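Quick heads-up: structures coming right below.
Both of the next two complexes hold chain A, though its partner changes from chain B to chain C.
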Partner chain A sequence: MEEALVNWSRGQFALTAMYHWLFVPLTLGLSFIMAIMETIYYKTGNEKWKKTTQFWMTLFGINFAIGVATGIILEFEFGTNWSNYSWFVGDIFGTPLAVEGIMAFFLESTFIAVMFFGWDKVSKKFHLVSTWLVALGSNLSALWILVANAWMQHPVGMHFNLDTARNEMGNFWEVLLNPTAVDKFLHTISSGYVIGALFVTGISAWYLLNNRHIRFAKKSMMIAAVFGIVSSLFIVVTGDSSGHHISRTQPMKLAAMEGLYEGQEGADLVAIGVLNPNKTLTNDEDAFHFKIAFPRLLSLLAERDADAFVPGMNDLVYGNEEQNIPPTSEKIRKGDMAIQAIKDYREAKENNNDSLAGVHLEKFNKFYHNMGYGYFEDEKEVVPPVALTFYSFHVMVALGFLFVLLFILVIWNTMNDTILSKRYLLKAAVWAIPFGYLASMLGWVVSEVGRQPWTIQDLLPVKMSTSHISTGNVQTTFWIFAVLFTILLIAELSIMIRQIKIGPK
Partner chain B sequence: MFETLSHLALQQYWWVIISLLGALLVFLMFVLGGQTLIGQVANTEVQKDMAVNSIGRKWELTFTTLVVFGGAFFASFPIFYATSFGGAYWLWMLILFTFIVQAISYEFRKKPSNFLGQKTYESFLLINGLFGSLLIGMAVGTFFTGAEFSIDQVRITSPGDNIISRWESPLHGLEAATNIQNLLLGLSVFFLARIQGALYFINTIDDETVVGKSRKQLLWNTIPFLLVFLPFMVMLLTGEGFAVNPESGEVYMEPDKYLQNYLQMPVAGIFLLVGVLGVLAGIAITLFRQSNKGIWFTGAGTVFAVLSLFIVAGFNNTAYYPSTFDLQSSLTIQNSSSSHYTLTAMSYVSLLMPVVIGYIWYAWKLMNRKNISAEEMESGEHAY
Partner chain C sequence: MSFFRKAWHLYADGFKNLGPVGKKLWLIILIKLFIMFAILRLFFFPDVLEKNFSSDEERSKHIINEITKQ
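So, the complex of A and B:
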């Protein structure tokens, strides 16, 4: 396929997905924070808590609208720009998207109207339930879309049907309870909770720095920081579990995340490092200009054994007999055979030769799990962009730990009522907001860049997934999206900042 | 329970669900129609606010129904998704662009420092109302008139030329606008959306001017609606259709195919009749009896009429997404659906639909108990 078309299609998906992801995590986290606040209002009847809830709801609404605007395109883009992909896996991938709509989107859209406009129209209790349902709905929607994404990273519960030339679902529960999906869901929503927490903490800190709304800000800050610390701990646990799974399902991604070219027993985990840009798979240069590493920690985290072998990119591309890792060239050969078997099977079927078709079917099933490799010509194609994956991963992790520190300091100082005098901490809390978004975005870069060149791990490369359109068409829509979403983002930020300046009523 | 059904029964069940979602979507397009009427039913700023807030509390429902319609289509008929969305690229992209700008316009319109200004957001609503309804109508028109694509599954085995479903018109969907029947259906949906928008204003707003002007708009949109919808129906019932041989799967042209479908599936004919009568009854009681309940009759009528169109498009051995480039590439509910297993799993999920419809109806009732008034707009409570 034309390389430019593949790249522009990828670029457009990345652009639209990242714009969407600017707004989603806040929805996930803030919806729960609002629901907790409204619960306190419901329990105490204190009008101040109602005003507090309503203020955060105003910001939620502004953010939600643009989240919806940027979200609709993603669902349809699977069809518009990834037609072959939709054909190849639509039988499985469409299901979570449909369930997301039926289970989550209707819940959100119905009760969000009650939440915003129902204060005087429904009972206090019904209103509270509506707010919780909005939180539930937004998180349920995250569940289903992440199940879909996880399936692409680690396809399970399906088989390939040669008669329809596509993968078909064999077990719904395997797709839903895919360990990659469980980790991904928990890790991603907790990152959303941390962003929600950083957002509320940061804005409250800004009020405190300006000596405004002091009581409101302290209350909001405390709830958010506690919510944030709990969520952060959850991120650490689920991040660890993700790493463990990736070592099994996407070892190449793990090697890229760590800049690991040569596999090692008792592999170190890089804490800080500067990659050597001249390093290639085959040359003898050092992979790093500089690094500080925790000894043997990578083996421990990935394999749950400090002495275990963690394969590097070279092992995965060129094979490692000692560790029983086949070279990519062999997988390419098997993939070729799988694809040839499809052709032969269909030819035999056309000639009504069922017994011959059966032979080819058997051959196909033998090589199915390597099918995607058959579309590659060069074994090096299976290596993702190392630097982007490596730096994204390390900056994300470092930021995550800094947020934990921030939440601890905020809770400590709020409890001791010393927060007002800690101006450096308040300033840090304000600055943490954009870094929270950065960390979350980088998480997606690790996940999606790190799994290149696959759309479906081992089964379908990105270059086989596009629609039959000219590059020019995709370029045009790319720029329309870029301009449109940027304008809407500016409008959103401008409105949001203004509302924050106005403050709670 | 569902696993015992045949593949064909599941395919038919899912075509009914898709049809129902499509029908509900067209009913909920009263939001889009209303968006095109804002400037025509309001004199003052407060009246404009009332109109915006009336439909503004339902826009997310329409939007969500569109998204679920897409998602359900993907899950149950993924081959349509791969073929139509990836092929009629510009038609779908234009539709999506108009919904993107809709989604922020209600919320941002009156907010201070909104960068683009209130007028821009209102023009976004107008654009979405006009083109969203028109283009979706045209896209559905191609279910009867066909599109230019070809399908070859063996392409998956050739790395160089690998895309199974290929669009054969360089216009990528815009060519739908060159077909008069598509245009007539697009305009029908547009005027119907406006009719429903006016009826919804009448149903939910306490303001003599807005209601009076909405009545006038109702009349002025019913006439063009009939002038485009009737010719569409005449063309549909007298033209050729895309028939499928149930034995061989071969697609061929059959004279009066859709008329035959109506005759051979009386339920579709009855739905059409009930639908058209419902739409007209809603209009009539509003215009001649000063009722404000017209939206319910017209809305229900819309649902029935659209359902009947989907039924004749897909049932009775008919190709619902025909290819005029290569007849044998045409999509039928049998050759474009998900597997038996997936449709079964999805059918269990579909059991949630009554629950969903139930809570939507309940919340709707609660939220619409009190009509929108000028006092509410000026009370300082949350409003768009």
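So, the complex of A and C:
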């Protein structure tokens, strides 16, 4: 496949997915914060809590309206730019996306109307239930998308049908309960909760800085900060679990995240580091110009044993006999055999030789899990962009811990009624909003760039996934999307900022 | 009032009493959906396999050719 076409298709998907993701996490997090606020209103009957809920609901509505349907563009791209991939994944991707469509439509769109139009028209209880169902519905929508994405990172529960050239779902529950899916779902939605919490904390801080709506801002801030700290702790737990699973399913990604070239027993976890850009797989230069690391923590995270061996990129590319890690060249050979088995199977079928076709099918099934390697000419192709993966991961983690500190300080000062005098903290809370988005985006960069060169881990590389279309077409639509999404973002920001300036009624 | 009548009134009153922000957001949603479905989907994003092949058998054959040529 033409390299420029693959790169533009990849760039276009990254652009649209990241713009789409600008809108999603706030929906996930803010919906629960609103639901908590409305629950307090329901319990206390205090009208101020109703006004508080309604204000955050308006901002939720702006974000929801601007973001709604931006994900559909990704589905357009599957059919046009990624037709090989779309056919190859078969119903594995289609089923979760269909469930997502139905759930999003029925849960979100039905109850969101009650949530916005139903104040004083339906009972308080029904309204509260609707708000909670919007929160649950939006989170359940995310579940199905993330299940599909997790399958690409760790394909399970399927078999490849050589007659239709499609993967077929063999076990729905295996796909749904794929450990990668469970981790990805919990980690991603909790990152959305943190963004929701940062958003409410930051805007409340802005009101406090301007001496406006002080009671409202303090109460909102307290709820958001508590929600944020609980979500942050949950992120740490799910992040740890993700790291543990990645070490088993995508060890190359983990090695890139840590800039680990040579495998080690008792491997250190880099806290802060500057990579040496001249380091390659084969030269003897140091991987880092500078680093501070936690001793043996990477082994503990990856293998739950502080002395365990964690493979580096060199071990995974060239093999490590002592650790029983096969070289990539061997996987390339097996991949070639899988691809050859497909050809032989088709030929046998065309000649109506079913018994010979059966032999080739058996051979294919034996090597299918390495099939994607057969498309590589050079074993080094399996290494993802190390610097981008490494820095994205470390900046994301550092920001995550800064948010924990921020939430703790906000809770402490709000409880002690000293928050108004801590202007540096209030300013930091406002600035934390864009950094929350940055951290969330970087999380996706780690996930998606770190799994390169694969579209579907070990089965289909990106270069085999695209359609034969003109690069010019992809470039044109890339710029159309860039303009369209930028306009939407500007619209969101201007309407949102205006509404924030107006403040709660 | 029946359930369906109540639901209808909820939606009808809700849309009738939309504030300026709500109206603006609905306008943005409609323009966005128009651009997505009536322009982008129609003119820029055909389903390549649907367009170029007339049966699933042909599509399968094409993908097999794609994934076996090296």
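Simple rule for what comes next: the second predicted complex is superposed on the first by the 502 of 505 C-alpha atoms of A that agree within 3 Å, B and C clash if a C-alpha of one lies under 4 Å from a C-alpha of the other, contacts with A are read in each partner's own complex, and residues count from 1 in each chain.
Following the convention adopted for this analysis, a residue touches a chain if its C-beta (ideal position, glycine included) is under 8 Å from a C-beta of that chain, and two chains touch if they have at least 3 such contacts.
The shown structure was predicted, so the numbers you read here are calculated from the model rather than taken from an experiment.
K.L.:
Chain A superposed: clash or fit between chain B and chain C?
P.N.:
They clash: once the shared chain is superposed, the two partners overlap in space.
K.L.:
When the two structures are overlaid on chain A, which partner does A:Val68 contact: first (chain B), second (chain C), both, or neither?
P.N.:
Both partners, chain B and chain C.
K.L.:
Determine, under the contact definition given at the top, whether A:Val122 touches first (chain B), second (chain C), both, or neither.
P.N.:
Both partners.
K.L.:
Is A:Lys366 in contact with chain B, with chain C, with both, or with neither (first, second, both, neither)?
P.N.:
A:Lys366: touches no partner chain.
K.L.:
After superposing on the shared chain, does chain C or chain B touch more chain A residues?
P.N.:
The partner that reaches more residues of chain A in the superposed model: B.
K.L.:
After superposition on the shared chain, which partner residues are touched by A:Ala491: those of chain B (first), chain C (second), both, or neither?
P.N.:
A:Ala491 sits against chain B and chain C alike.
K.L.:
For A:Met103, is the partner it touches chain B (first), chain C (second), both, or none of the two (neither)?
P.N.:
Only chain B is touched by A:Met103; chain C is not.
K.L.:
Just checking: does A:Ile339 make contact with chain B only, chain C only, both, or neither of them? Give me first, second, both or neither.
P.N.:
both
K.L.:
Thinking of the overlay built on chain A, is A:Glu168 touched by chain B (first), by chain C (second), by both, or by neither?
P.N.:
first
K.L.:
In the superposed model, identify the part of chain B that clashes with chain C, out of 19-27, 145-153, 289-297 or 343-351.
P.N.:
Stretch clashing with the third chain: 145-153.
K.L.:
Taking the two structures together, which residues of chain A meet both chain B and chain C?
P.N.:
Dual-contact residues (chain A): 58, 61-62, 65-66, 68-70, 72-73, 76, 79-80, 83-84, 86-88, 113-114, 116-118, 121-122, 164-166, 339, 342-343, 346, 375, 464, 467-469, 473, 477, 480, 484, 488, 491, 495, 499.
K.L.:
Which positions of chain A touch chain B when the two form their complex?
P.N.:
Checking each residue of chain A against chain B gives 1, 54, 57-58, 61-62, 64-66, 68-70, 72-73, 75-76, 78-88, 90-95, 97-103, 105-114, 116-122, 126, 130, 161, 164-166, 168-170, 172, 339-340, 342-343, 346, 375, 464, 466-469, 473, 477, 480, 484, 487-488, 490-492, 494-495, 497-499, 502.
K.L.:
Would you mind writing out the residues of chain C in touch with chain A in their complex?
P.N.:
10-11, 13-15, 21-22, 24-26, 28-29, 32-33, 35-36, 40-41, 44-50, 56, 59-61, 63-64, 66-68, 70
K.L.:
Please give the residue numbers of chain A that touch chain C in the complex, ascending.
P.N.:
Against chain C, the touching part of chain A is residues 58, 61-62, 65-66, 68-70, 72-73, 76-77, 79-80, 83-84, 86-88, 113-114, 116-118, 121-122, 162-166, 339, 342-343, 346, 374-375, 460, 464, 467-469, 473, 476-477, 480, 484, 488, 491, 495, 499.
K.L.:
Please name which positions on chain B make contact with chain A in the complex.
P.N.:
57-58, 60-61, 63-64, 66-68, 70-72, 74-76, 78-79, 81-87, 89-90, 92-93, 96-97, 99-104, 106-108, 111-116, 153-154, 156-157, 159-160, 162-167, 172, 338-339, 341-342, 345-346, 349-350, 352-353, 356, 359-360, 363, 366-367, 369-370, 381-383
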